[in-house]
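A, B, C, D, E, F, G and H label the chains in the order they appear, each numbered from 1.
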Amino acid sequence: MNSDQLKALLEGVKNGTVDIDHAFKEIKALPYEDLGFAKIDHHRSIRVGYPEVVYCEGKTSSQIVEIIKRLMEKNNNILATRASKEDFAEVSKVIPDAEYHEIARIIVVRRKEIIVTEKQIAVITAGTSDIPVAEEAAITAEVLGNRVNRIYDVGVAGIHRLLSKMDTISQANVIIVVAGMEGALASVVGGLVDKPVIAVPTSVGYGANFGGLSALLTMLNSCASGIGVVNIDNGFGAGYLASNINKL
Amino acid sequence: MNSDQLKALLEGVKNGTVDIDHAFKEIKALPYEDLGFAKIDHHRSIRVGYPEVVYCEGKTSSQIVEIIKRLMEKNNNILATRASKEDFAEVSKVIPDAEYHEIARIIVVRRKEIIVTEKQIAVITAGTSDIPVAEEAAITAEVLGNRVNRIYDVGVAGIHRLLSKMDTISQANVIIVVAGMEGALASVVGGLVDKPVIAVPTSVGYGANFGGLSALLTMLNSCASGIGVVNIDNGFGAGYLASNINKL
Amino acid sequence: MNSDQLKALLEGVKNGTVDIDHAFKEIKALPYEDLGFAKIDHHRSIRVGYPEVVYCEGKTSSQIVEIIKRLMEKNNNILATRASKEDFAEVSKVIPDAEYHEIARIIVVRRKEIIVTEKQIAVITAGTSDIPVAEEAAITAEVLGNRVNRIYDVGVAGIHRLLSKMDTISQANVIIVVAGMEGALASVVGGLVDKPVIAVPTSVGYGANFGGLSALLTMLNSCASGIGVVNIDNGFGAGYLASNINKL
Amino acid sequence: MNSDQLKALLEGVKNGTVDIDHAFKEIKALPYEDLGFAKIDHHRSIRVGYPEVVYCEGKTSSQIVEIIKRLMEKNNNILATRASKEDFAEVSKVIPDAEYHEIARIIVVRRKEIIVTEKQIAVITAGTSDIPVAEEAAITAEVLGNRVNRIYDVGVAGIHRLLSKMDTISQANVIIVVAGMEGALASVVGGLVDKPVIAVPTSVGYGANFGGLSALLTMLNSCASGIGVVNIDNGFGAGYLASNINKL
Amino acid sequence: MNSDQLKALLEGVKNGTVDIDHAFKEIKALPYEDLGFAKIDHHRSIRVGYPEVVYCEGKTSSQIVEIIKRLMEKNNNILATRASKEDFAEVSKVIPDAEYHEIARIIVVRRKEIIVTEKQIAVITAGTSDIPVAEEAAITAEVLGNRVNRIYDVGVAGIHRLLSKMDTISQANVIIVVAGMEGALASVVGGLVDKPVIAVPTSVGYGANFGGLSALLTMLNSCASGIGVVNIDNGFGAGYLASNINKL
Amino acid sequence: MNSDQLKALLEGVKNGTVDIDHAFKEIKALPYEDLGFAKIDHHRSIRVGYPEVVYCEGKTSSQIVEIIKRLMEKNNNILATRASKEDFAEVSKVIPDAEYHEIARIIVVRRKEIIVTEKQIAVITAGTSDIPVAEEAAITAEVLGNRVNRIYDVGVAGIHRLLSKMDTISQANVIIVVAGMEGALASVVGGLVDKPVIAVPTSVGYGANFGGLSALLTMLNSCASGIGVVNIDNGFGAGYLASNINKL
Amino acid sequence: MNSDQLKALLEGVKNGTVDIDHAFKEIKALPYEDLGFAKIDHHRSIRVGYPEVVYCEGKTSSQIVEIIKRLMEKNNNILATRASKEDFAEVSKVIPDAEYHEIARIIVVRRKEIIVTEKQIAVITAGTSDIPVAEEAAITAEVLGNRVNRIYDVGVAGIHRLLSKMDTISQANVIIVVAGMEGALASVVGGLVDKPVIAVPTSVGYGANFGGLSALLTMLNSCASGIGVVNIDNGFGAGYLASNINKL
Amino acid sequence: MNSDQLKALLEGVKNGTVDIDHAFKEIKALPYEDLGFAKIDHHRSIRVGYPEVVYCEGKTSSQIVEIIKRLMEKNNNILATRASKEDFAEVSKVIPDAEYHEIARIIVVRRKEIIVTEKQIAVITAGTSDIPVAEEAAITAEVLGNRVNRIYDVGVAGIHRLLSKMDTISQANVIIVVAGMEGALASVVGGLVDKPVIAVPTSVGYGANFGGLSALLTMLNSCASGIGVVNIDNGFGAGYLASNINKL
């Protein structure tokens, strides 16, 4: 309920077209069902085409199917992350046109057209093992309506690989850097561009990597300014944040 | 050296107005002094008014004075972070018009006009003890040319304080959330807005807070999407990243 | 043996109705078998209907059957936590009326009537993945004789979901908050109620969650007062403590 | 604003005694200023005599004086924790009847009578070095209107000391156990009583104690059920939670 | 080679019955093969009956068989720890009289008589889940020639269980305390006896137990004096150390 | 009270020489004041000459004086650890014959003769910086009545220094190894002797030493068997445990 | 492009044999494709015979085959680390003369002759379980053209085993020490030689070993100087670094 | 004693010029005083000019003076690390020609000529705050007789600074990289050179840097091969290891 609607309601009370009990119930529900700034509502009413998101890890295939079926009643796009091949097999039985991005482990169902930005997001990885997380970020950003440019396997151990791609990278509006092991790529990229950099540490590595902790600390302690860090392997979060920035 | 300049140089070689030794030296220096995408050069030549930054922690007052004096030869604005009162006393002896933001612990020297954005950055804190870090972020963003809106002491233990400010917060283009203790404010704000959120964990707290680790982990693991995290107490980094986003 | 019984025994010795050897043995056993404050004894003699508890994790199905059979000789109610489907299959062979709460992974055997409190315990979760731990708490509390009110999936990323349930939550006598990821729900609830809050961090999450450590630290460092924390995923402990509080 | 007041307001709109603009403003402020379940308001209006709390650590003496002076305008009791002797010296200059509990580091200002419960809270410590944290808990509970029974220096290295006090301990309604080093006291007490136990790890110890981490982990992992843990050295939190429980 | 043997060798050189090349070789080997204090040699020559030890974890069954066969050439007793049932099946094919202690996961081969001490070692556990580690300690101590007294499931959550066994425990010369979860048993026992206590933390537990870390820290920080700690789950190490102490 | 005394008491009740009230009181006090296995009582009644121990860290000089004065009423020896020079200055004012061991930071007051064992304890350090902790162990062991042999600065970086002392070390009954940095000395010594080894990690070191954690982990993970570990810098604990072993 | 080539290019421009557009393109590519110090290029052009390296962990067998096939187009030697038996089976189908070093888990393809150094690298292990990591280091060093001397199972728990091999060890130019558990071998070896020591912690061990962390910390904190540490289980890295040193 | 000397001794025994008691004593001392491979002896006898090293941290100025005076009796060079200005003031009173390197915190006393290598060691830092640790490494290497080339403040946030120095860096034989914060410089340098790289993490940084842990993990997990890591802030260790490598 917006301000105009509230005033109209009160007018209705005043001139007798709305009875007090009805107005009382509407107003009592105000703070919760219609706050205005509440995110999910906003999505549904304003930004048509924004997808519903399902996080599949820890859910059974049949639970996922059930959730997706329920969400589709709104006839919205759907983005299901961390979905296994088995999950997709079940989903495609009931939604034959569902797409599966295997490397990213993402299921996409399209019902509304996605309007794509002019400005692009660059997604960069240090190695080839970081690609699944990068793809999760890239597909997420694309389904949210962003143009994405992938630049993979440009880790700092061969700095010339990165430098030869700087022209392309500089043209992006937001840059997502995905790196495991020591995660140094974020610092080098952060030192070369003036755009917002989102760093995603990955759990790629072994020994004293501690499941991505090494890359995470590296990125948090970066000597380059202008870097925001998301959780280990959280490609979805990076894609979502990059989209929020790119759409400003 | 840009493409046109390189072509002109080669023309000069061809038509004999540039001798080979001179051209050889210019070209040899190419990758380092004139890469084009190199940040510091870019600042100097393109974005007039961007400040030089000095990180004062671990430096003596006289070292800071020396650095600032050298930087001022470029007649640029200067932002010196983590500066103590003593540092400022020394700096103001040689630069009488230097300003000191005591809570933020920042020295500012203005030599070029700062052009301020229309779009604003909101800086939010959970408690009053988080204000110094928030001020470091706010002053940084302001000196970088951003309009800043401060909303302090709206931590989640009294959620109505935050809710009553959501109108104002929603108007910002980028939101910086500064919180210590358990750092839950970032998740709540992230759930209420669709704008990029930069979360700054602070070392405020005691016991199993472990110097800000608790708030850091909370923010990285946020159940709300669209949050980028910077290092503990890194107000400068948050302000810098927010400015990069706000100026897109 | 209470004071009166001890005095009676000594009288017996004095007047010869009790021989010394018998008195000697009774007294020797005093500190251990009959201290009065010893918990298990107390249960058996005073609080009829209180269940015997079996922790199944790390035990084979046949060991669990053996233990339950032995405990049933006392004809008491039984609560077996962390029981797998296989465990239950074996138990139900010998105790056909045993119940299995699959999500909570709890086996219940009822032999004595459970008298239920008027006052209720609210069990709240941040997400759907936290429900198994919440159910362990809820079933535990119910078998211990408490009325339980479940409010699930009201995490802080959509604060209006929580706010719309505050009326119900406020009516509870004790509140159990179950949350993984960043665990911020405990702080928000703790700030909204004046009742004792028991926080249960769960291992739900990934990346820098570190198996529930993130939520645990969040809850210990909560900016809201009046929160007691139990171990990660320890639904049983939370239900047990809530029951102790609710029955005061 | 409660239901009756809202209905009256709408009646006023209907019969013209309240104009629409006024009603609009009142209703717009509803969710924030008058939610009903909001804690601080509740305190002020319902539970007269409940103190205002000030956390002094990290604040200067003059800041503390300023805050206390402002709070006293409500003519309420005040509880200022983590206050140094110097803080108290400054406070007593402007509030001559302020009390200082030196070991607990708490300043108390009494303006409203504190009504004390019949049921008592027992506060137990393992060693003498744990007493300051215990006193913070005890004084907090007393100022909140609870009868407190102190039993200090009954650590498990001399188990008979604890056992000889079990009679007294068993009479309490809630038990706060304060222990550093290995924190084993919580488990032993938890095994001997059926009442809610609140465990407070302290930073007392050295070496692999890691500032209280050892005791914290011990308490979280207790083999005894029915124990809620608060943050390291958080005597205030324990006293507050115990009071919430004791007043049910 | 002892002093007398060295002197005899030199006499032989002097009087010509030993040629210089032979003496040279013998002496060159001195520091390594015959240091006197070297442990393994000492075992072989002095303490007949002491077993050879094989640590099976991470070795294949056939490797274990090979090692045991080679060791048996010395016709000594053998103690193989962390041996699986499969390992034992293979070993018993070639050594039919090998014994398997399934709970302790130890294979024993007896070839020399084990002379058993008068003085005994007590092995105590907090719970039933700690028994495998306790048995590893107990069997190790027995094969090393010690009388062992097992007292299991006397954890501190029911302190009277422990107290009722103190008579027996006090008669031991050395006490091994095996406990997981919070590990508080070591402190309580350490406070009740004047004998050396060896504490073995176990990885039994969950949540913030961190694979035994909680119990390890508890034991290292014990408020009781006179406790030596071995590694998590290291029953063998505890049995070995206890034997070294018991045989003094 | 032992069995005979209890039977005698009951006989007294039977034949009327002891009245029931007196017997009642004696028996009621049984479990706590006279359990037989209780440590402190045992000290007082049986092992005359055993010292009272005071842990001075965190206590003021005047508190220490007060405690020592009270303990001296029993006319016993006193061992005060972690005592500063200032503490000693205050103590010596009231007890002029108190001794101060400055390096060990121990105050000793002698009132009963200390009977010294024949068998000796060796105390070994890796470096000179480990000596304060070693001296705390050595003085503690001496005051408890043990002969102590100090072998300092024989760390593994110069293994020949250690080997040249093995003759002496091998003669000890118990060996205390004190080492910081990487703590490897414990493993090497443990591999060279068949006696119980007590390892004391020290906080000596820097960088990734983490206040002694490195040495602690090294010692717990020792590839040599027969090593018991005490807390970081806990010289007193090592001396106490070594004494308990040496006196068996 | 080296200096002479650049000068020749410019001469060509000057005298018209090179047109400007061609020169422009060559120079533009300079910093990336021909920096001179770039590693991979350097390998190819200068050090013929140096292998291409493939890290197999986390890749499927078919991916590995694909990568190796592509690399073989350069007709170079190939070193594939962390390769499983299954990986090798697939590789040998297309490259029948590929070798598999099973313990080291390395596949080697030889196409160019390996010239072997005179000076040797010693590879030492503490136990037999450390051999796989040691073999990874040894095979790596051999394929890189180094003579390798293996000395296995000389851990510090039996110091005489190590000492008896010191003659051989001293002859090496570089020494790789591979050790798990407490990792003390690096310190002892570092104290006995004046050559560079590379320490490789292994994840061998259990309990508070924390996956190799214990050995890692030991090696970093070594009291012996001249030790460089690589990541846990990183045999390849140690072999590579040792080769770089040995070839100076 | 070498082989020839031992044979000569035995000859002497044979032909009667050496009596048996004398030979016995010489041989008995063999393993310890004259092992041949023992480091310190080797230094003294073979490598004249090698300095004696004193680690000053944790020692008083007078202790340092005492140690240096004793060492000077051998008339050797001396290198005292972690020496404060006050330490130097005391040392220079008794050794007027002692030098003090203030930034490196090193005292040098020269008594023997230092012969300097042709091949040089490069010492690189990421920032200016890393210089003290770098200087400790550089001075150490110089006093050990190495030519050192310092390249400071070339961190990866401005990669062109590093690239412009690669010519110089490539000429070094060994490269020491000193970096705090995220420590990414080691990876980038390691990817650009084929020489051994020694990485020194520094404690420079704040927040989640955890005293250098972040840089340490980065360096251990480097995606570039050929990097050996020393302890946090351990400039001396890096200089010593680099010298050992450079002198091969």
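Please note the rule applied: a contact is a pair of C-beta atoms (placed from the backbone, for glycine too) under 8 Å apart; a residue touches a chain by one contact, two chains touch by 3 or more.
As the structure is a computational prediction, the values presented were derived from the model and not from experiment.
Undergrad: Which chain has its C-alpha centroid farthest away from the centroid of chain A?
TA: F
Undergrad: Out of D-F, A-D or D-E, find the interface that copies B-D, where copy means more than half of the contact pairs are identical.
TA: Interface equivalent to B-D, from the options D-F, A-D or D-E: D-F.
Undergrad: Would you mind telling me which chain pair, A-D or F-G, is linked by more contacting C-beta pairs?
TA: F-G
Undergrad: How big is the gap, in whole Å, between where the Cα atoms of chain G centre and where those of chain H centre?
TA: Chain centres of chain G and chain H, defined by C-alpha means, are spaced 25 Å apart.
Undergrad: Based only on mean CA positions, could you tell me how far chain B sits from chain H in angstrom?
TA: Roughly 39 Å, centre to centre.
Undergrad: Between chain C and chain H, what is the separation of their C-alpha centroids in Å?
TA: Centre-to-centre distance between chain C and chain H: 60 Å.
Undergrad: Got the chain G residues that touch at least 2 other chains?
TA: 31, 35, 38-39, 157-159, 163, 191-192, 207-209, 213, 216, 220-221, 225, 231-232
Undergrad: What are all the touching pairs of chains?
TA: A-B, A-C, A-D, A-G, A-H, B-C, B-D, B-G, B-H, C-D, C-E, C-F, D-E, D-F, E-F, E-G, E-H, F-G, F-H, G-H
Undergrad: Using the touch rule from the top, collect the residues of chain F that touch chain C in their complex.
TA: 3, 6-7, 10-11, 13-14, 16, 20, 23-24, 27-28, 30-31, 35
Undergrad: For chain D, which residues are in contact with chain E within the complex?
TA: 126-127, 155-159, 163, 181-184, 187-188, 190-192, 205, 207-210, 213-215, 217-225
Undergrad: Going by the contact rule set out above, which residues of chain F touch chain D in the complex?
TA: The touching residues are 31-33, 35, 38-40, 57-59, 201, 203, 212-213, 216, 231-234.
Undergrad: Which part of chain H faces chain B closely enough to touch in the complex?
TA: For this pair, the touching residues of chain H are 129, 157-158, 160-161, 163-164, 204, 206-209.
Undergrad: For chain A, which residues are in contact with chain B within the complex?
TA: Of all residues in chain A, those touching chain B are 31, 35, 37-39, 42-43, 53, 119, 163, 166-167, 170, 173-174, 191-198, 216, 220-221, 225-232, 236-237, 240-241, 244-246, 248.
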